[in-house]
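The next part holds the structures, each set out as structure tokens.
Here chain A shows up in two complexes: once beside chain B, once beside chain C.
Right after this comes the complex of A and B.
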């Protein structure tokens, strides 16, 4: 089965057929290993996405078997649908909150864990806990935290003299209130990403900075932060992908309401498909989500390629 | 100098304390409420220490149907994780260690799945499940759960398998071992650290999975924990201590795993996110 010795006599017709046979055997072996995973992946991921694109061109309701091909009519409707734009805007807002609040907070937590401080082990565990809870459990817990009459949040704001609010019922506050919970849930994820990256920064860099007389803050600006830029970029892309996957917390806490105040693409698509039974139109929303995520993937691949080729950070 | 050092320390601890309160308080509220009686809760909803600690809520939620949600979640999570580990590690073997034409494109095909929103596949899977006659059974979850766990798993496992020294494989080759044997005797045992990462990641993901369960399950007897919790909350929303007990119980398995294998869980949960 030594391939290299076979290539030496490639002209020989006998050897040629041997190589062919060998190759066919190799293909069989490779297929044998990959097929179980590939088949399941094809049936439950690739085929459904193609089917979604297909449904998105129909007016299928989901209740009856009737469905007509309507071309790109759903897409035209989507572009004129104010709820879609509202949802997309909220998704975008979700990304911004991730990048400018979750990621910095995660970085802050990681930095704190790298200072000489008492009880680090315990801090690490408590900081990380929110990320371990199921999103449904988090949503229910925070429904009670935000409860207008018996929730601890209002107790706190009342105590601070700010007053009491209907955190999830007021259209001006609802989105902010849900996003606050997402900050609580996801900052620990970024914390561990930063922790992993910070362990990888070579000590020599800090030693050199020390010799140059750089103190704590300067060290952060000139050594730690530049070394963390790749992690920040990865985390930001993750935030875009995560925003498109967001659903559970919004569904549990507000269901997209009041009105469309907290509507995101995920909740809007679900409502159209399984509440209003507009499967065709819901598929169009899903297809839009797929296309946006595809663009995100292409950007990641491009950044990755550029990083490897030029050895630059961003 | 000393004064400024002390000041720095003061601000550091102030920062740590506020972070601790921010992340920890909701847990404290959840657990302390779960240990209160209804009467105690209505009298002192905000007190951290219950007047009389009672575990009654924990027993009563089991009587209220939580047991079957737990069992369903255990069955579907464990069977999905076992299948994923098996087929993902098998697929990772040729993808990482054998050269062939479609090597990279196939790997890309799997890895791209990590970025896909579930919504893009939701309706066709719903239709497929009904056509297969398994709608509203635990079986309905198995396909999507395995399929959507594959990308991260293949990603982690191929990366790890690429690092397994060639010599180990060559030694087995000398003994005339087939690829199947090499996979089981050499690759699989040497991939155990990555496999444990995969197990943890998928365990947490599937234990908390909600949207597929929401769309594919409707009757309480087939519900998993996240779905059951929502139902539970809808039905007994007045019984706040009971709900808090249910939330605590549902979160406990993942938290326990974390306490016992902190480093590995952190690595596992970052596994899908860290590239290279």
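Right after this comes the complex of A and C.
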């Protein structure tokens, strides 16, 4: 009774304050949920980013208390540093491989698992297995796979009459060899993403396509693929950012060598920070990685935004 | 009703998961936090970081125990850290202002960076007896005449060979470099890889370069290049690079060595499976073989890198790595006790136990019944000069250039002249 009368007289100051109070209460609850995560996020993510930007403006060894403020000198040095450009080039190559090989392969594996193929359960496990292993184990496993004299891969290539290759020791092959392992390791991640997205595509679309006379391939082009575009965008963001901050598999398998053949920003930053005692310069490399990732993500998001605005698909 | 139970189950399992994670985090944090607290409150616990594993670890923990028995008012918190992680962990601990009281290092340029940052205690001012150490080993942690670390082991680098293969092919230990080249040819003819090399890690290949440089230019070459009197672009260094490439062209190494990992045993494996006949390695090799393939140990012979005709070096001179070296943190609250712990860690008793792992001690007059240690000790006594490996002795950034360029030299992707030029350019930056 009281309630309904309250709603009836909306201009009433009592009602206003009631709504306000209600809103404030809601805000408080929402804040209550956000704050714990926010505090942790600020301390462990935002603060280190700002601190890194700050260090990147100093000449600091990382062990002594003293650090000299040098302004943007580190950034100027970075632009003239041939190893940095070599590393960046390797990283960009890694991005291309991730986006144009890992994601399509993940999509292909997901598609295979949606066909009524024999032994689907087994394939499901086999496809996903690499992603479950720890990177260190994978790195060591593939060191032995690539072993020049007794590794299975060279045994195979020799058996096939192609000859033996120096997979990790030859500067022209080393990067490819590591990238192959990365594809092997990370394609299952995209497979899972695509599988989840495919489950979400309504059956009605396929039924309608069927009635219109679309065969399997046409159904993929006109129904499945368009429905997966948001997942492809998300995967691309993951792939780009993941490739730019890659480190572990390279550190384990080649350490950036031979020479600088497989040097990437992550390994170069590690060397500068912990081997060469240039924490300031290492921070500059980290800052550069951050900026490049940020730009890449902004571009992808902008393209996606334009696509949505034009309303091309979904 | 059913839903309620599921929810309850889910909630409690979540609780357990997060609880466990939280617990882990806490204990991890405590290891470091504890040290800090104890230091400030009652000054009784000493944090101690080391990297040894297996038998060597036992020798070190026994030394810690002896210290605790003699100094019951102190307890030691030993923390074993993986070799791979160690450099990173110590740099972070130092910059975070919460390092261990006593810590491991390899001496040389890496330790010197901490010394420059005023993080390491000058041990010359404390109660140590520096006379008992082999000079080269102690020099590795002496900067401007002050001692900043005490070494336990001096790991010399000989060439090891498979005695059976040598007997079978009627080969004998070479006296000169030309004889070594002859052996390489003979082994190649019989289908063996002469040297096993896993050079992903870069330092195993660097031994060859250092030995060539020493045999050609003598002990002065390196010292003068470091000080700036000479340079890393001297003719002898270029010649050393040429010899390294000569070996590669003569197929003195197994194929694909630049991509193979020493740590994962990919070079030693070639030796055990008799695909290769020789390996240049530190004193750690017999102990690794003992672990990995005990039957092989009796088959190991060793000789030193031979003389080169017209070279100024001496075939008795050695290349060696020094590890471990122990130092004390500058602002340690338990300075005296920490120094005392370092003394225990480098005592004759500890060295004797450590020698059971076939690693020669950096301390003089240590008795051992290990045949390898006795042979190492003999070499150490005969040597006029012991070259501490470049990647320890040099400033870290220059050491990196050295390791990178020698890897490229071995990969034939850089000429000896280019290597010399790059080394000298970086060296110029590091000389003040």
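To be clear about the criterion, the second predicted complex is superposed on the first by the 251 of 314 C-alpha atoms of A that agree within 3 Å, B and C clash if a C-alpha of one lies under 4 Å from a C-alpha of the other, contacts with A are read in each partner's own complex, and residues count from 1 in each chain.
Everything below uses one rule, namely that a contact is a pair of C-beta atoms (placed from the backbone, for glycine too) under 8 Å apart; a residue touches a chain by one contact, two chains touch by 3 or more.
Since we're looking at a predicted model, the values are computed, not measured.
With chain A as the common reference for superposition, the partners chain B and chain C occupy clashing space.
Touch criterion met: A:123 reaches chain B, while chain C stays clear of it.
Using the contact criterion defined above for the overlaid structures, shared-chain residue A:58 touches neither chain B nor chain C, since it reaches no partner. In the superposition on chain A, contact is made by A:193 with chain B only, not with chain C.
After overlaying the two complexes on the shared chain, residue contacts for A:167 are found with chain C alone; chain B is out of touch.
In the superposition on chain A, A:140 makes contact with both chain B and chain C. Applying the stated contact rule after C-alpha superposition, one finds that A:86 touches neither chain B nor chain C.
Touch counts on chain A: comparing chain C and chain B, the chain ahead is B.
Using the contact criterion defined above for the overlaid structures, shared-chain residue A:284 touches neither chain B nor chain C, since it reaches no partner. Once the two complexes are laid over each other on the shared chain, residue contacts for A:254 go to chain C alone; chain B is not touched. In the superposition on chain A, contact of A:98 is made with neither chain B nor chain C.
Once both structures are laid onto chain A, the chain B stretch out of 26-34, 116-124, 134-142 or 242-250 that overlaps chain C is 134-142.
Residues 62, 140, 143-144, 150, 270, 273-274, 279 of chain A touch chain B in one complex and chain C in the other.
By the touch rule above, chain C contacts chain A in their complex via residues 87-88, 91, 94-95, 113-114, 116-119, 193, 199-202, 254-261, 264, 266, 269-270, 273, 275, 396-397, 400, 404, 407-408, 411, 413-414.
Put simply, chain A touches chain C in their complex at residues 61-66, 140, 143-144, 146-150, 164, 166-171, 174, 177, 254-255, 257-260, 270-271, 273-279.
Residue ranges of chain B in contact with chain A, taken from their complex: 12-13, 15-16, 19-20, 22-27, 29-30, 33, 45-46, 86-88, 90-91, 93-95, 98, 100, 106, 109-110, 112-128, 143-144, 146-148, 150, 154, 173, 179-180, 183, 204, 207-208, 210-211, 214-215, 225-227, 229-230, 233, 240, 243-244, 247, 250-251, 254-255, 258-259, 262, 265-267, 269-270, 273-275. Interface of chain A with chain B (complex): residues 1, 26-27, 29-30, 32-34, 36-38, 40-41, 43-49, 51-52, 55, 62, 108-109, 112, 115, 117, 123-137, 140-145, 150, 152, 155, 184, 187-189, 192-193, 195-196, 234-235, 238, 241, 244-245, 247-248, 251-252, 265-266, 269-270, 273-274, 279, 282-283, 285-287, 289-290, 293, 296-297, 300, 304.
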